[in-house]
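Chain naming follows the written order as A, B, C and D, and within any one chain the residues start at number 1.
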Amino acid sequence: MTRPGTGPAWTADELMEVNAARALAGARTCFVGIGLPSTAANLARRTANPGLVLVYESGAIGARPSRLPQSIGDGELADTADAVVSVPELFNYWLQPGRIDVGFLGAAQLDRHANINTTLVRTAPGRPDLRLPGAGGAPEIAAHCGEVLVVLRHTRRGLVPALDFVTSIGHGTGPGSRTRLGLPGRGPTAVITDLGILRPAPDTAELTLTDVHPGATPAQARAATGWDLRTAPVVRTTPEPTAAELAALRALKAGGAA
Amino acid sequence: MAEILTLRDAVAGLVHDGDTVAMEGFTHLIPFAAAHEVIRRGATDLTLVRMTPDLIYDQLIGAGLVRKLVFSWGGNPGVGSLHRFRDAVENGWPRPLEVEEHSHAGMANRYAAGAAGLPFAVLRGYRGTGLAARTPTVAPVTCPFTGEELAAVAAVNPDVAVVHAQQADRAGNVQFWGLTGVQKEAVLAARRSLVTVEEVVDELRPRPGAVVLPGWAVTAVAEVPGGAHPSYAAGYSVRDNAYYRDWDALSRDRAGFAAWLAEHVRGGAPR
Amino acid sequence: MAEILTLRDAVAGLVHDGDTVAMEGFTHLIPFAAAHEVIRRGATDLTLVRMTPDLIYDQLIGAGLVRKLVFSWGGNPGVGSLHRFRDAVENGWPRPLEVEEHSHAGMANRYAAGAAGLPFAVLRGYRGTGLAARTPTVAPVTCPFTGEELAAVAAVNPDVAVVHAQQADRAGNVQFWGLTGVQKEAVLAARRSLVTVEEVVDELRPRPGAVVLPGWAVTAVAEVPGGAHPSYAAGYSVRDNAYYRDWDALSRDRAGFAAWLAEHVRGGAPR
Amino acid sequence: MTRPGTGPAWTADELMEVNAARALAGARTCFVGIGLPSTAANLARRTANPGLVLVYESGAIGARPSRLPQSIGDGELADTADAVVSVPELFNYWLQPGRIDVGFLGAAQLDRHANINTTLVRTAPGRPDLRLPGAGGAPEIAAHCGEVLVVLRHTRRGLVPALDFVTSIGHGTGPGSRTRLGLPGRGPTAVITDLGILRPAPDTAELTLTDVHPGATPAQARAATGWDLRTAPVVRTTPEPTAAELAALRALKAGGAA
């Protein structure tokens, strides 16, 4: 999806990252996991939302890293944070009571109700499951943040008809699931992929393609989804990344100060 | 008061076959040198507890010393999988690995309950996930005031906690700062504790954000400069990100791992 | 972000008749000036929550603004009784005072549960004492793993928490140090919070032992130098021990108290 | 009991304080309340036990005040402590797990099994109860410290046949009570008064006079006790305060550095 030599050019990953950052425009606080969520959240601080408060599960509250942290425990997170607290305090006093507006999660597998698996993947019968890293902070991020954004690359291996394991709950089996489970947050409000954006339909809570990125098509998205992906009546195209967005993103990934 | 010992004597005295051991440090201050001494000593049949097993437990698991792993996130942060961990879980190599799996919030609260001398802690967690059903140390508990059902997690009280800190004084008082993770809880939850430190100093100068553990709450201190490498000790060292990246290739292969272990750990000098 | 307001506007906006209010500060950093502004404003029918009611609540109780007191130790530290508190409990003057009584451990855990968004906390407490039987916010809870019966205490979530800190910056980030008590928990447990500070500074310099509350977790900040008097703010003032001693005689007598209140509080200038 | 002009002279309170300090000789850590316990614990650090670790419920661990604190929240406690922690942490991580060897408590009323009342005193029928300060940290200090020392002046109003309220548990109704209640600490091992020392009898856990201070007699102690006070077969006399003990105590109370 790069368009070398034809003016603005970007990769599919950059589209995903830029749109993930844009999704943070209205947030005050964001709970950040490492990887794509960290890239997006740090980009948001440089573009759509300079005042965004980043909360890392390593205990850094209000971190302002000058470069992309290599891990959630990067030393610069502590050095630049408004406050550093212990890990138990972070989960108990800051995440659990619903103080964080947006939780940003990745996923190995995601189903149509935005439930997430990061624990294991079943292979052929008689073969051992593939072991993934596991839950980390995700189950409680998914439960307690005001809303959840999910970022992952759009593939049939990732967007699956049924999870092999439910690590973190999205919309459960559909409308009412979160209420029945007593989950305080609204759950996933957008899944941002390298092809577009999926959002839960208001009536069914089923992920529906609402946006494609420039150069991508609904057909591509459907083909890359493991279930019969519904599309919104009008599928929008996300605005092209601006030069400022791309410059900030690339500086961030190159380790440059911003 | 904590005894100040060599790393070799401290590990020999504190870590025994069959022990439940928690080596903590949330990305920062991971006690790698102590883990390598455990490998050299060959303490085996260990139950290892740690929120993020990280390379440190990948190495212990690959060395065949681990019977069971209690954890919440088992990856190579920012890089990918822990291949020795996966090989043990998926293929039972070099021995089968029992796992007990939690969320971070659950593990953090298990340590906090352990530190508080309580048998369990309460959180609003695990709802709707597959974890509670297969983890016997998660159970429902009902609020006697509101009737709400919450998750109870069993306290964890390791036989030994091993952590790395920046400094101790000669009385064994310990100070660490930066991201302080869950180490205070791990030490206080454990029956015995070993703190490796960058430096033993005459006097601990109070630092912003520091956690201080009084020497009478610690069993042993060992001076091990660089003992957190390839993780880091704020104020003393930076994270060796290349080591983490290189581990991915090095550890994929059993023979490559064995060669690394022989050369860099078993062949390493005791400290 | 916390709004930076005058004390008068902050109290007017945050403290209403019938509210449950927690003014905390464990001997250190007690928000007396804010309490006096509450008295001037006349917010009444308050439920006051505080581990150690101290002179600050003796004054509010004597002023007739308090319906109920939730506490764990109600004395004049190092001096003796709180006479206005006793007069209200023993004689219903100037109005009857309902009390809900805990131990310190219980109160501290009630705040911690409130801060954590949980309906209750667990402790191994109250055993064999007469407190549990007459305090409805203590109840038994059974460990689902060991069968041990422990004490559950109901979370406390005040309408307003009021604390005093040394410093805030212009974005309303708050820093306090020294004995930090239970103030972080009180602020995080409350629906609204007011922090009076010795000083609003351009930048908070990290301090050893400091607690930092980000401005987005605080409702309002008011600059009130000396706002902890007669308690103290480490680095800014020392405890006025004579005031505490003199309070004993001054407050024994209803008329003497009324005269003090009229002159020193109601007659005091709003800040 | 002062003996002015006849060589060593001391007050009854000084005998109580000196003997309370001596009782801390073997302790590593002591949980200190304000008042008499604080005087005794600080005196112990200057005489019998210089290495004694003082833990104050205000969060100061290992405080080394140069003068007697005016309150448990005295600023010098934080300034001189090895560590300062929050009040919830102090109770949860330090007191509750049994890390503190000795808890030092005062009492308004004490019964023969060393149960303590600091909550209320009943007066005449129809008259309101007298209100005392209440529990503070005492119930959990009494439960969790390795052992408990109680210091109070020896009067029939203080040492009573039955408490008006049980604020903190000592030995309950006698042997086995603490075990049945699941109280981890050994409970009160000595009650130090201005007349002597009472200790629970091994078989009954009933407080028994084992020592009198110089100048006091068992008869005086019995007369000042609200129940029929038993005395040990041999009642010892506590050693006279040494010149060093008295000097340290008086310097402490005068606010001098020591």
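Note that in this section contacts are C-beta pairs under 8 Å (C-beta built on N, C-alpha and C of every residue); 3 or more make two chains touch, one makes a residue touch a chain.
Because the structure is a prediction, the values reported are computed rather than measured.
Q: So which chains are sitting against subunit B and subunit D at once?
A: Where subunit B and subunit D share a partner, that partner set is C.
Q: Quick one: report the Å distance separating subunit A from subunit B, using the average Cα coordinate of each chain.
A: About 28 Å, centre to centre.
Q: At what distance in angstrom does the C-alpha mean of subunit C lie from that of subunit B?
A: 39
Q: In angstrom, rounded to a whole number, how far apart do the mean CA points of subunit A and subunit D lie?
A: So the centroids are 58 Å from each other.
Q: Which positions in subunit A touch two or more other chains at once?
A: In subunit A, 92, 96, 144 touch at least two other chains.
Q: Going through subunit B residue by residue, note those that touch at least 2 other chains and give them in order.
A: Answer for subunit B, listing residues that touch two or more other chains: 112, 117-118, 123-124, 148, 184-185, 209.
Q: Among line, ring, star, complete and other, which best matches the way these chains touch?
A: other
Q: Which pairs of chains touch each other?
A: Touching chain pairs, listed by label, are A-B, A-C, B-C, B-D, C-D.
Q: For subunit A, which residues count as touching subunit B in their complex?
A: Going through subunit A, the ones touching subunit B are 34-35, 57-60, 70-75, 77-79, 84, 86-88, 90-92, 95-96, 119, 128-140, 143-144, 165-169, 172, 177, 181-184.
Q: Considering only the defined contacts, which subunit D positions touch subunit B in the complex?
A: 28-29, 53, 61-62, 82-83, 92-93, 96-99, 144
Q: List the residues on subunit C that touch subunit B in their complex, please.
A: Contacts found on subunit C: 117-124, 137, 139-141, 143-146, 148, 150, 152, 154, 206-210.
Q: Which residues of subunit B touch subunit A once you look at their complex with the stated criterion?
A: Contact set of subunit B toward subunit A: 26-28, 51-52, 71-75, 77-78, 81-82, 85-86, 89-91, 101-105, 108-109, 111-112, 123-131, 148-149, 178-182, 184-185, 209, 211, 231-232, 234, 238-239, 241, 244.
Q: How about subunit B: which of its residues touch subunit D in the complex?
A: 112, 115-118, 173, 184-185, 188, 212-214, 216-217
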